[in-house]
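As structure tokens, the structure follows; a few thoughts come after it.
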Amino acid sequence: MFQVRIHGRGGQGVVTAAEMLSIAAFVEGKHSQAFPSFGSERMGAPVMAFCRIDAKEIRLREPVLTPDALIIQDPGLLHQVNLFEGLAERGYILINSNHSLSELGLDTFLQTHPGERISVIPASELALKYVGRPLPNAALLGGFSALTGLIQMEALQTAIRQKFSGKIAEQNIAAAQAAFAQVQATLPGGNPC
Amino acid sequence: METTIKFYQTDTFTVGNRLLSEQERSVQAGMQRTNALNSGHRACQGCGEALGARFAVDAAMRAAGNDLIACNATGCLEVFSTPYPESSWQLPWIHSLFGNTPAVATGVAAAQRVKGKTTRVLAQGGDGGTTDIGFGCLSGMFERNDDVLYICYDNEAYMNTGVQRSSATPPAARTATTVPIGQHPNGNVFGKGKNVPLIAMAHEIPYVATASVADLRDLEAKVTKAMAIHGARYIHIHVPCPLGWGADPAHTIKLARLAIESGLFPVFEAEHGEITGHRAIRAQVPVEDYLKLQKRFAHLFRNPKQVAVIAQLQAIADRNIRRFKLLEKSSLNTGEAAV
Amino acid sequence: MLKQIEGSQAIAEAIGLCRPEVICAYPITPQTHIVEGLGQMVDRGEIQPCEFINVESEFAALSVAIGASAAGARSYTATASQGLLFMAEAVYNASGLGLPIVMTIGNRAIGAPINIWNDHQDSLSMRDSGWIQLYAETNQEAVDLHIQAFRLAEELSVPVMVCVDGFILTHAYERVDIPAQAQVDAYLPPFEPRQLLDPIHPVTIGAMVGPEAFMEVRYLAHYKQMQALGLIPELAEEFQQQFGRDSGDLIKPYRSDDADTIVVALGSVNGTIKDVVDELCDAGMSIGSLAICTYRPFPHKAVRSALEHAKRIVVVEKSLAIGIGGIVATDVQMAVAGLHKPVHTVVAGLGGRPITRDSLRKLFHRADAGHLERLEFLDLKHDVVHEEIARMEAARRSGPIAENILHSVGTVASQIR
């Protein structure tokens, strides 16, 4: 079972990101489960959403406590929430930022964590460019696809088209593809899939 | 459901009705009337509510071609009419709870729509079930403009539970919870309570009317008119309660008439939030004439007589007369029976 | 058709397939997505004929359903938590009148303190109301139970609550097989009411019933629920034949045949429990579980036979009968009366506290070692509780407990669990 935890702020499409990820996994014939952190948080408050992916039925109903991957939609949370709690030793980390890891103050992390498992992409900028709104979720999932190889872009496109319609869906797909390309280019070993 | 009515069961207008054309005759005068609230029920002698309900439901039955379902709130009418297996109801009738009758009626009406039926829906309750505990559901039914005629039989207190104050209890009246002693020497306090007909009008529903058992032809005409309209409709009927008011059962009609003529109970009708007619008073009678016949106001006339309190009640009547233009020529188009 | 879909949306689609004629809606978290989904389906003409009525309260919602059902329409509503309490009077009324309404409960805690998260206190507070109560373990089962619920309700003329864990199921996206309309139509015939407000054959419904007949009316409500104990397995069996899925029924034992310890629970937590049971069984522990799907009527016989060989029973329940302990556990105790087995009540997950594998693993190890108390509170923050008790002992005006506890616990937004 592969577990993903997505951190962001209310209004950033955190829950939608988890749902799209689960749809993409479903499209690929896997079992998956997505759910929010169940808060009554308003816009701007720290929120979480979770996604589990497995080859067999998922029965577990606890929150994702030991994620295999983290998606951080708002780097501002790095210093407010213990985002890395429970992260697997070689877990993936994808951060939405136009700063470098050292600029984000994560240098120490790099020393203990395998570099090919961490990626930083300016997903909000990409979303602004392709969608016109700084909603980074689709772009981040594109990056996630490149970083982890867990889901294919084709399935992600199907998922994006299920959650968005028409032009907005295509714009989000463009953002996701751009993010995919960016992450792939920065990975030491290239695309793992 | 054809029942033949005995000649003696037709109402006091019978003789006069013979002079009228068939269409103009009282529903109750007809020997083919449904008698929806059949005889044998357990209401007290002189019960204004039983009288009002029989006239109202029969009129609604005639207007609906007997294709009518009634929903009833908990209260006197529900209890005295259904000491099962002796139900007095000759039409399909449901009682659910005290405070949900308008919503139950909404559901019944929705079922008719969804089934493609044209069956009409009547809801009814006392003042407690209408102006207090059922008020939320009533407002909701109004706001949605559901196709329901709601009739409130207002006897100005919770009579079923033993005469406790409701939000329809008039100022100064004695009830079991507004006993004129100690802090409340004059019974129910002034400046409280609510006027549900006016609140109903504020919902801008198609039809709102007040009526009284003192003018049964007017009552029948209003029910008939309401039944010709679709959407939420509200009729508020003043029904004296000999037990709760401490009055002679023989005085039920007289009290209802004095309430109108004093100005304490204005009879009017309104469409879509605008008053469209009123029932005129030929000569205003002093409120004292009305109050003196009822033990619930007896404390106002003991030594010393509460002149100031009576004057306050008179002021309420006077205001109604000004507000509803009750001394001006009647504009009701539902018929103007002699009083 | 297989879909990756939110639980609420899946339930809405299932309700739509059941051809409801009147749907009454009043919003309360976490039920909202269900009625929103249904409202849109009605607006799009996907459920026809159907009246979707937005009402002013939960009390009105169920009251509208009562009127509609008595007038012969298949009626549905949904609520949760405070909403269920606000409609409590109508809940008893609907069952007292024998009206086959189906209602979804998106299970949520009851305040004060106000809390929107999942536990079972709401539906369990209505356990004696005369409604049949079915608890879903997954969203697939939630879908299937709704279809069975209409059939069950209408055959017996009894209302049915389908209880679905708020957020955990209602807001979870997972794989659900949504049946085809023809399949549901074959399983669920049109509603034939036992009683009907009909001007051609007028009846009085809801008359005053005195001491001479009230006991008999109540007894028959009980009798109908006893009939349900027979009917529910039949309907589940028929469902399996027609839909190819094992959903519903009275109970669901899991690896419990020769287990020393059997864990009993309602609803979605059974999934997590099964994962832990698998893990511990593989490690050599003798442990199994038992999901109670039908909580009312309570399947005493089935529960007893599933538990009679166990050495100990651990009831993990998301509810607390304040002043005594477990609610579900009390019923389980009655089912195993005379067998002289310890029944441990573990109150867990109140107000949405996650019930984790970690905590269950530790709990089951202690159970296996025979170290469980009669009543336990899973993951209770004892230090916080003791701090508040000390505060109350130290000063008369110690202040509101909930707010004091929140101070002790600290900022939650920065915490993962």
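For clarity, chains are labelled A, B and C in written order, and residue numbers in each chain start from 1.
What we mean here is this: a residue touches a chain if its C-beta (ideal position, glycine included) is under 8 Å from a C-beta of that chain, and two chains touch if they have at least 3 such contacts.
For clarity, every value in this text was computed on a predicted model and none was experimentally measured.
Enquirer: What is the identifier of the chain with the smallest separation between its Cα mean and the overall Cα mean?
Expert: That would be C.
Enquirer: Going by the contact definition up top, give me the pair of chains with the most C-beta pairs touching.
Expert: After counting contacts between each pair of chains, the winner is B-C.
Enquirer: Hey, how far is the Cα centre of subunit B from the one of subunit C, in Å?
Expert: 44
Enquirer: Measure off the straight-line distance from the CA centroid of subunit A to the CA centroid of subunit B, and report it in whole Å.
Expert: 66
Enquirer: Quick one: subunit A and subunit C, Cα centre-to-centre, how many Å?
Expert: Between these chains, centre-to-centre, one finds 34 Å.
Enquirer: Considering only the defined contacts, which subunit A positions touch subunit C in the complex?
Expert: Against subunit C, the touching part of subunit A is residues 5, 18-19, 22-23, 25-27, 31-36, 38, 40-41, 45-46, 48, 58-63, 65, 80-82, 85-86.
Enquirer: Which of the residues in subunit C come into contact with subunit A in the complex?
Expert: It comes out as residues 4, 6, 29-30, 116-118, 138, 165, 167-168, 171-175, 268-272, 274-275, 352, 354-358, 413-417.
Enquirer: Touching subunit B in the complex: which residues of subunit C?
Expert: Per the stated touch rule, the residues are 21-22, 24, 49-51, 53-57, 59-61, 63-73, 75, 89-90, 93, 97, 196-199, 201-210, 213.
Enquirer: Going by the contact rule at the top, pick out the subunit B residues touching subunit C in the complex.
Expert: Of all residues in subunit B, those touching subunit C are 1, 66-69, 71-72, 78-79, 82-84, 87, 89-97, 99-100, 103-116, 119, 136-137, 139-140, 143-144.
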